[in-house]
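What follows are several structures.
Each of the next two complexes has chain A plus one more chain, namely chain B in the first and chain C in the second.
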Partner chain A sequence: MLALRKVEKRFGALAALDNIDLEVAAGEVLGVIGPNGSGKTTLLNTVTGVYPPSGGRISFQGADITGWKGHRIARLGIARTFQNIRLFPSMTVFENVWASQHSRVSGGLLALLRSCPARSCGDTRRVEEMLELVGLLEDREVLAKHLPLPARRRLEVARALTSDPPLVFLDEPAGGMTPAETADMARLIREVVAPNRTCVVIEHKMALIAGVCTRLCVLDFGRKIAEGLPGEVLADANVRQAYLGSDGALDA
Partner chain B sequence: MIDFVQNTVDGMMFGSSYALLAIGFTIIFGVMRRINLSFGATIMLGAYIGTWLHVHHQVSVWIVALTTLASTVLVGIYVERLCFHAIRRSAVLASMVSSFVIWMQLEEAAIHLLPERTYAFPALFAAVSFELGPFLFRAEQTSMLVLAMIMVGALHVLLYRTRFGLALRAVSENPLAAAYMGINAAWVTLCAFALVSLMGGVAGYAILSTDAQITPFFGLWATFKGLIAMMLGGMGSLPGAILGGLLLGVVEAHALWYLGNEYKDLSAYLLLFGMLVLRPGGLMGQRILSREALAFRRV
Partner chain C sequence: MDDYVVTVLSNIGMISFIALSAYLLLLTGEISFGQQAYFGLSAYAAGAATAMYQMPIWAGIVVGACAAGLVAMVVGALTLQLSGLYFSIATLAFAEMARLILLIVEIQVDVDGEMVGPEGANGFHGIRWMFERDISLTEFMLLIYGLLALTLICLLLVERSRLGSILRMLGSDDLLAEMQGLNTVRYRILAVGMAGVIAGVGGALYAHFTTYVEPQFFNVMLGVHALAYGLIGGLGTAFGPLIGVAIDIGFLEAIRFIQGYRMIVFGGLVAILLIFMPRGILDEERVHRLKAVFSRRNHARA
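Let's turn to the complex of A and B:
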């Protein structure tokens, strides 16, 4: 589904990604783990077009998307959430999800002006369905900036899923959450995000990783140091070394 | 008392054009977090092209009006391509300096087009006035208010009832997230520039019709008035831009009447100074300030 071939990303002299080869198969939930600064978010940003790779090729469903701009990649069917949540803070919960349906419309200015986002003339059912799935339907008229953190993360997930993308990246979906909230997020990923689509989860928290991922990929200093089934990868000596060398988060 | 009311009404009518200029600044600030110093000069050059047609080809006033609007939009697009699109989003200072340089460039272009200092500007409405009770209404100022109200109404529909408006608001709130909704931020920004140039063209045309003359300094004047009105209302706030424009117009009208013409512009600077000291975010700026704080916390 998604394939990276010898992808590199350099910031000046620093190689944030070094020769990454990675395949994401259709239907799997791939966890990308690694210590802080190992290149996880850089990997995500490179694939989704925040910045172009310094080298290598990226292809999605057979199309070469190397160097494409973010909005084109999004229209092709790759959605994402952000580690530091990026909602539209002064819009309501409903409008945040409604805005994401915009990506289904392309074309010239006239097409944009003609089609109207007033709630009376569009498919609000889809938005309501998504809000219901993530448990935010009752808060639909609340401004996004007034939501508590776990609800903001759930809203980002809903926003990413509305256009029904075949591939979703979740960047630390449980960041800053308590264990109970993390368990809720794991359930949301298992029951709402993962069915019928491919998912890549970037995360520190083993509670989340162990609960949702079908396969793991470990990064350290921009290199892929291990890949495989969760049980095998977590038992790997190199992986334990990488983690214990930082903060021992593996056991958390 | 009658004088006071008359001045207030006059001030609000003229202030409605300030409001349109301020909306231009505030939308661009909202979308790009940048200030386009050459906005006034964009309008000036657009109006100069209209005036040039009138001076050299004696076209009708309607064609002058339409040419002014169309060329303001084209110049606005030129400014966006050269000064904002070409410079990275993060280079805020560089694009502000380059917008100043483009201002000078547009002023030079206007001077080459029509080298004399002052030209008569062909107004669409004859300078007639009518009385309503004890109050006097001038046709060109009344039409200014009506035009501004139509523009603001149309803008409201555009922003809150169309997909383009939704995209524009999304880009203003968070450009990166907007990109991952499939919104082409560069295209939306270009459209926003064309849109505010059109509004600025309308405001500029209405003001120049009232003045009945045009000089290259109109660019400086329009940038000042628009910036002051935006700062009064609060940067990035649409209702703030409207309130700020009206407030500026009213204060200037009273200063003109009670203190004399030389105090008119001074009162505007004094008003801005007072606002910046007492309420730095502007009238409606509180929300913007807290939103910015939110952005800095990066939650």
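Let's turn to the complex of A and C:
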């Protein structure tokens, strides 16, 4: 579904991504883990067109998307959430999710002037369904900035799913959450995000990774150091070395 | 109404156009110090259309507004890579360039034995459409407010439309907007073009109201005021900048004992408002709450 071939991303002298080869198969939930600064978010930013790769090719569903602008990649069907939560703070919950529908409205300049968000424009029912699934339908008229953190993360998930993309990237979906909230997010990913689509989860929390991922890929200093089933990867000596600097237990 | 009141009201009306123009860009997250250039360019273009080439005033306004819109889109395309402070500086530089060009441009044509047209630093005299047709100040004021109402209605419709929501998305977080599949470059150029047209309508009216324009009037202070109006009145609705204009010109200029201290009071007011209401009197949150009050479909918790 998604294939990276020798992808590199350099910021000056720093190689944030170094020769990454990665395949994401249709239907899987791939976990990307690695210490801080190992290039996880850079990988995501490169794939979604925040910036172009410095080298290598990226293809999605057979199309070469290397160097495409972010909006074209998004339209093609790759949605994402953000590590430090990006919402439109002064828009309501409903409007935030509706934001992903703009690119699906056809009709050129005139359609731009249709009132919004009106029942007639875009798929309002779909927005409401998604809000219901993440448990935010009650709060639809609340401004996004007034939501507590776990609700904001769920709102981001709803926004990413509303355009029904085949591939979704979740960047630390349980960042800053308590264990109970993390368990809720894991359930949401398993029951709502993963079915019928491919999903890449970037995460630190083993509780989440172990609960949702079908396969893991480990980055360290911009290089892929391991890949495989979660049990095997977490037992890998290199992985333990990279994460903990010694042979401690991976249980956080 | 006496002429003084009509003149003050007309000034409020004409300056409102440039305030709305700056407001539209503030919505998209850009602080432009250059909207006065489009106001000025259009004043010259519209004046040239009616005084030099005997076009009717509506054609003059269309010529001025289109010229301003086109130049704004070109400047917008050139400054796309810039954001924040760098965009502001670039707009200021372009505006000053335009003003300096107007200071040296001399194109005059013979109209009934009299030379008419821009005359460099001496300005552009003889835009006498109003007098030739014996139109009173009050009638012209009605024209100003008619066009202002039309512009305001268009802007309010845009704000309620998908385009308005997209522009606010750009202003709030343009990377996030891009990630929603929106071609942010295209919408940004559209926005600067629209802002240029709006400033242009005001400039065209201004040239015909004063019958005389000079480059000096379109200096950076006009652009700074245009920005301040939105920041005072509020960025939540297009009525915000109009409130800002009304406070500055209507209130501060009209109250005679403040006259000499107008800029001091105005500056102080801007500073105080920016501290306590950083997005103006009618900011997004208050507008949202007002809408909730008026809306029966009110699911809000707060």
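FYI, the second predicted complex is superposed on the first by the 234 of 252 C-alpha atoms of A that agree within 3 Å, B and C clash if a C-alpha of one lies under 4 Å from a C-alpha of the other, contacts with A are read in each partner's own complex, and residues count from 1 in each chain.
One rule holds in what follows: a contact is a pair of C-beta atoms (placed from the backbone, for glycine too) under 8 Å apart; a residue touches a chain by one contact, two chains touch by 3 or more.
Computed from a predicted structure; not experimentally measured.
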Overlay on chain A: chain C relative to chain B, clash or fit: clash
Which superposed partner A:K69 touches (first chain B, second chain C, both, neither): both
Chain B versus chain C as contact partner of A:L149, first or second or both or neither: first
First, second, both or neither for A:T92, with chain B first and chain C second: second
Which of chain B and chain C A:E141 touches, first, second, both or neither: second
First (chain B), second (chain C), both or neither touched by A:A183: neither
First (chain B), second (chain C), both or neither touched by A:N84: first
Overlap of the chain B and chain C footprints on chain A, listed as residue numbers: 48-50, 69-71, 74-75, 79-80, 82, 86-91, 95, 98-100, 102-105, 112-113, 115-117, 159, 163
Chain A residues touching chain B - in the complex, by the definition given at the top: 48-50, 69-71, 74-75, 79-80, 82, 84-91, 95, 98-100, 102-106, 109, 112-113, 115-118, 145, 149, 152, 159-160, 163
Chain C residues touching chain A - in the complex, by the definition given at the top: 157-158, 160-166, 168-169, 172-173, 175-184, 284-285, 288, 292, 297-302
Footprint of chain A on chain B - complex, ascending: 158, 161-167, 169-170, 173-174, 176-185, 191, 287, 291, 294, 298-299
Touch list for chain A against partner chain C, complex: 48-50, 69-71, 74-75, 79-80, 82, 86-92, 95, 98-100, 102-105, 111-117, 121-122, 138-143, 146, 159, 163
